[in-house]
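These are the structures in question, set out in turn.
What follows is chain A paired twice: with chain B in the first complex and chain C in the second.
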Partner chain A sequence: MRREVLRPNRVLPLLMLVALAAWLGLEAVSVAPNRIVPGSGFRAHEVVGWTGALAGCLPLLAVAALAWRPTTGRLRLVLALAVLLLMAMPAWLGLAVTRLVDPAQPQARLGLGGAFWVLLFLLLLALIELRARLRLPRLAGWGLLVPVLLAWWLALASWLEPLALLQEYRGRSDQFAAAVGYHLGLVGAAVGASLVIGVALALLMRRHAGLQKAGFGVLNFLQTIPSLALFGLLLAPLAWLAANVGWLAALGVRGIGWAPAFLALVGYSLLPMVRNTFVALEGVDPAVIESARGMGMSPRQVFLQVRLPLALPVMLEGLRITTVQAIGLTAVAALIGAGGLGGFIFQGLGQAAMDLVLLGALPILVMALVADALLGALTERLHPGGTR
Partner chain B sequence: MIELFDVTKRFGSETAVDGISLRVERGEFCALVGTSGCGKSTTLRMINRLIEHSAGEIHLDGQPVRNFDEQTLRRRIGYVIQSTGLFPHWTVARNIGLVPRLLKWPRARIQARVEELMTLLGLPMESFADKYPHQLSGGQAQRVGVARALAADPEILLMDEPFGALDPITRDALQEELRDLQSRLHKTIVFVTHDMDEALRLADRLVVMDAGRIVQQGVPLDLVREPADAFVASLLGGDDRGFKEAALTRVGARMLPLSPRLIARARVHREASLRQALAVMFREHADRLTVVDDEDMPVGELSLRRLVGARPHE
Partner chain C sequence: MSERALAFGLAAALRHWWLPLVWLGLLLLASLGMAELEAGFRWLEPDSREVIYRRTDFLTLLGRHLLVVGVASLLAGLAGVGAAVLVTRPFGRDFLPLVAQLASMGQTFPPVAVLALAVPVLGFGTLPIIVALVLYGLLPIVRNSLAGLQGIDPAVQEAARGMGMSKGQVLRQVELPLAAPVILAGVRTSVTINIATAALGATVGASNLGDPIISGIVNGNTAYIVQGALPIGLLALTADSAFERLLRHLR
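On to the complex of A and B.
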């Protein structure tokens, strides 16, 4: 058994106090009779009455109190409470549906209010804090989310029919799947291409010192062009190419669409990729390289068995930055007809339908978080015995 | 056997090593001593061709080193550096087995050799084999470094200030172990250091370098008795030089047979150095010591006059 922690935890009580204020003060849900009419908001106590609302405060207060004098056992209890709260949220929404949404109005929909988002956000923060305090491995942290996701999935599939987000999705389920696939495909292709080009460039720069300055100059310049401007700049040359080179046009290259998006994404991805690869390879301890040579390893063996493996964590860091950045940028690429989840965002903004915006934005957020976590975990794996 | 004939190394317009000639016999422990930047490390690294010499010839058992393939040459020569240069992403066992693996030894033979070396260097297999270098203390890491250099049983060992980064106590222990190892293994060792005490303690032969040249070379005692110039004298401790000489001579070599006089109370072991004997006299306020053997039996006596080698007519 680990020694008990005695220092008071200030983070969790603070998070819970903010959550409490949001829960009682902000609108938890909103109800609209159809998609066009703006909804009217309801606070927690307007849905379940003051008794219910105050009962909802109890677990939050319990978390704060337990965390104030934390021991390993108490923190585990807090962790369980936080997970249970996250699981209870869709159930509470179901309650709100039965109380507020008139079954006679099939168009009526339930929107999520500020209190709900704040609570969701703060509880996730609390999970992160607890994972760090309890020193749970990364995988266990994600494992905690499994019951939460299951609860939400069950609720969405059965009793949360009138949830506005779900209704937006219902209308576009085919489009949604296609958009997710397209988004991932574009990101994957761009990151893959920049990985190959970036590593090749970094290797070239290491061999020819003269290329370093010029190379980083160009890449830095590329990075400073605003994304929309870069899309615009690519429009004319690509349109010209499509008009004059038959096989490019046959491939689907146009002034707008995936081609400029792909090129711009690769352009933006190159700098972090090249810089991290270069710095990683250069940063290997010279004494280690010296001893590798001194032991009689060939230049090839030194590179493949020593330099590359030691550089890999930093290189992967570059891949992580690149991937997360590309996932976000691809959303903007929807403006030049590249498709993907950004399409929902801009469509929703145009129609003032916030739930449609969310339908595009939430999966992008999830994708970025998952990519970040997966690559982060991989990087951690590659550090032998923990630290170096 | 290593021979250097008029070897020079230039970096651009700088001359790092300036026409040195040197011969290290098989089984000899040769220390290159000098201040930083005197060219001792460069000389060492020219032997395994980590640095190519600009002029002259370097021979290994009569063959110019340039006749060997670089990698083949280095796999025949053990190499130990100050910062150990252990691969941080490999376990201790894998680090030690590096050269045998490069030489494509069968797996079982590598395993057996690694085990043998870890035992030899006082690193129990079960507690160290799977550790990573960052989990070791400085002394343990350098033991692994030495084990790795010895892995393929090379004829020659090149050591570049291997104990320079260690604390005095660990350094002492490792020096003692190296002396022990050498008395059993009889490798041809070229050892670079700026620490004269270390060199005096370990080497059969000292080579003092300054500004890329060899200033003086010879048996440690000869250098201490007759330094060639003021530089060598100062490197040997200036006024303290006498203590270094005393440290190099055994009590057994100076003692006289027991006299019929009353036996002296203060004792010193026959194998102790004159320096230690002097310290005992100082501590015990005695000018005469009884010399004893391993069983603590008196075998002779040593007077202060005899210790300092005073001539009879004075």
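On to the complex of A and C.
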């Protein structure tokens, strides 16, 4: 058998060279005596000395060198190295804490610098690249993140006390939990409502051809209106309704708050929902329907047992788009007093407290990625022919 | 004769482009004549002392909005199509899986989060909003450009090469024109999202049409909100309908 000889992988060496430049050239951490004073930045060699900084280059160079002549075994080694590097990052931050943060100052805080974020981003890119090259299944790709997350969790729980992000969280852990719950609740309610209305609309459109053109026209129009504008425009009519219709006001409908946010979210969610449901139901091969009828199925059976199951993956795709979109839009809704994680973002922007912004933005990002991955996996699973 | 041809051409163009032109006209009318609508806004907001946003005139705000969206979309378009072309050439093919994965994953990043994450790095003002818009606008363009370029039947490229075209000629005269509708659809998505997201720039100190909205929300003045939302909505509709016509033209 011929030994496997692969072309040099040029992606990983390039990523690692950029990582090297960032590690040596950009500020890795910043230290501030308290929340208000802007911090002063430190590069890696200013924290651990040139020996330490250069030692940190070695694993990056090793990844680049191993990937240059990539056999499967070497790529596996590279994968292990990348995961270990990601796990080492919080430990390194712990080292920076002991060297830079004066324990006598309980207010002092450690911020994450450019080099840190660039390194994190590039290592995650390396993981994505390796997952594709080694043809790892989706689940294994996510499994790789488990040890990394464990390492981070351990570090945050034990020795990263002065991390600025953590301090912002400590200050408002109750609010944070409430905001996450509220954010998820609003997204869930809006997506749920648009699922019901969207499927009903799509079914109606299949019945009445006239409704189809008008329906898509209105929904397309709605989708074009910028979210901030739509939220704003809903304030006035809802405030009027709340003032004039007693039972709506009793329900908690106000010009600001969850009501306009919910309505706007449903409005935006309807287009992907209706479009995908409609296309999915129409797209089922007529021959399949024909043969189902030929087998003596009633129209009801044909719909429930043939058309709907075949259309399900595309419908789920619509649900995925809708959910991811709603998670982001709910953040904007914080501007009209709807609360949620967007509240932290805009509060942080207002106070120029960037760690508070991160406290809002990072969970939103994670939520969107997780929702995307979960619904994507579900769609793949339901595809006719099972898992690919 | 030529006059008639001109008139005919103009009529055809009008018939083709009437919808974007109507939106554009309404947009300009709204930007120029916002103060004329004072009576209407007074009815909407009877208790406020001031019902017309006067800190900056609307044409300036519109201009700034257009500038930010235009610069960001141009940069995103150049970089996005450029990246897609590079990774579909033989020498860049190594990078194709990563770029494709990144483009589809990046779509899940909420625009607000991207904007919020740009501020700690770049500070307040117009720069972070342009960078955030470029980054976010890149993704639909890269994804669509890749889909467009990869969707071309290899036999067509083969035939073009067989006719003696150079690689550059194949790219310019065959691949890009064939992929143009799909690429343009990506640009359309990108521009529409950017028009909406740019308004959020008002929260990070960039002055544009988002300003009246934010100011209205902060002061509880619905009239201000409408005065910001109306031109943004009209701008989005103008851009979207213009792209729609352009796409129909290309197909």
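Note that in this section the second predicted complex is superposed on the first by the 378 of 388 C-alpha atoms of A that agree within 3 Å, B and C clash if a C-alpha of one lies under 4 Å from a C-alpha of the other, contacts with A are read in each partner's own complex, and residues count from 1 in each chain.
Note that a residue touches a chain if its C-beta (ideal position, glycine included) is under 8 Å from a C-beta of that chain, and two chains touch if they have at least 3 such contacts.
It should be emphasised that the depicted structure is a prediction, and the values quoted were computed from it without experimental measurement.
**Q** Sticking to the clash and touch definitions up top, decide whether chain B and chain C on chain A clash or fit.
**A** fit
**Q** With the two structures laid over each other on chain A, which partner does A:128 touch: chain B (first), chain C (second), both, or neither?
**A** Second partner only, chain C.
**Q** In the overlay, work out which of chain B or chain C sits against more residues of chain A.
**A** C
**Q** Per the contact definition in the header, classify A:179: touching chain B only (first), chain C only (second), both, or neither.
**A** A:179 sits against neither chain B nor chain C.
**Q** After lining up the shared chain so the two structures overlap, which partner does A:327 touch, if you call chain B first and chain C second: first, second, both or neither?
**A** second
**Q** Look at A:79 in the shared chain and tell me whether it touches chain B only, chain C only, both, or neither; answer first, second, both or neither.
**A** neither
**Q** Measure off the angle at the C-alpha centre of chain A toward the C-alpha centres of chain B and chain C in the combined model, and quote it in steps of 10°.
**A** 80
**Q** Does the superposition put A:287 against chain B (first), chain C (second), both, or neither?
**A** first
**Q** Just to be sure I read the superposition right, which of the two partners does A:31 touch: chain B = first, chain C = second, or both, or neither?
**A** neither
**Q** Answer with first, second, both or neither: which of chain B and chain C does A:335 touch in the superposed model?
**A** In the superposed model, A:335 contacts chain C only, not chain B.
**Q** Between chain B and chain C, what is the tightest CA to CA spacing in Å in the combined model?
**A** Minimum over all C-alpha pairs of chain B and chain C: 22 Å.
**Q** Can you check the complex and tell me which residues of chain B touch chain A?
**A** The contact residues of chain B facing chain A are 48, 50, 70-76, 79, 81, 83-90, 98-99, 102, 131-132, 134-135, 148.
**Q** If we count contacts the way the header does, which residues on chain A are in touch with chain C in the complex?
**A** So the residues of chain A in touch with chain C come to 7, 9-11, 114, 117, 125, 128-129, 132-133, 221, 224-230, 232-233, 235-236, 239, 255-256, 324, 327-329, 331-332, 335-336, 342, 345-346, 348-349, 352, 354, 357-358, 360-362, 364-365, 368-369, 371-372.
**Q** Can you name the residues of chain C that touch chain A in the complex?
**A** Result: residues 44, 94-95, 97-98, 101-102, 105, 107-113, 116-117, 119-121, 124, 192, 195-197, 199-200, 203-204, 210, 213-214, 216-217, 222, 225-226, 228-230, 232-233, 236-237, 240 of chain C touch chain A.
**Q** Which residues of chain A touch chain B in the complex?
**A** 285, 287-288, 290-298, 301, 306, 309-310, 384-385, 387-388
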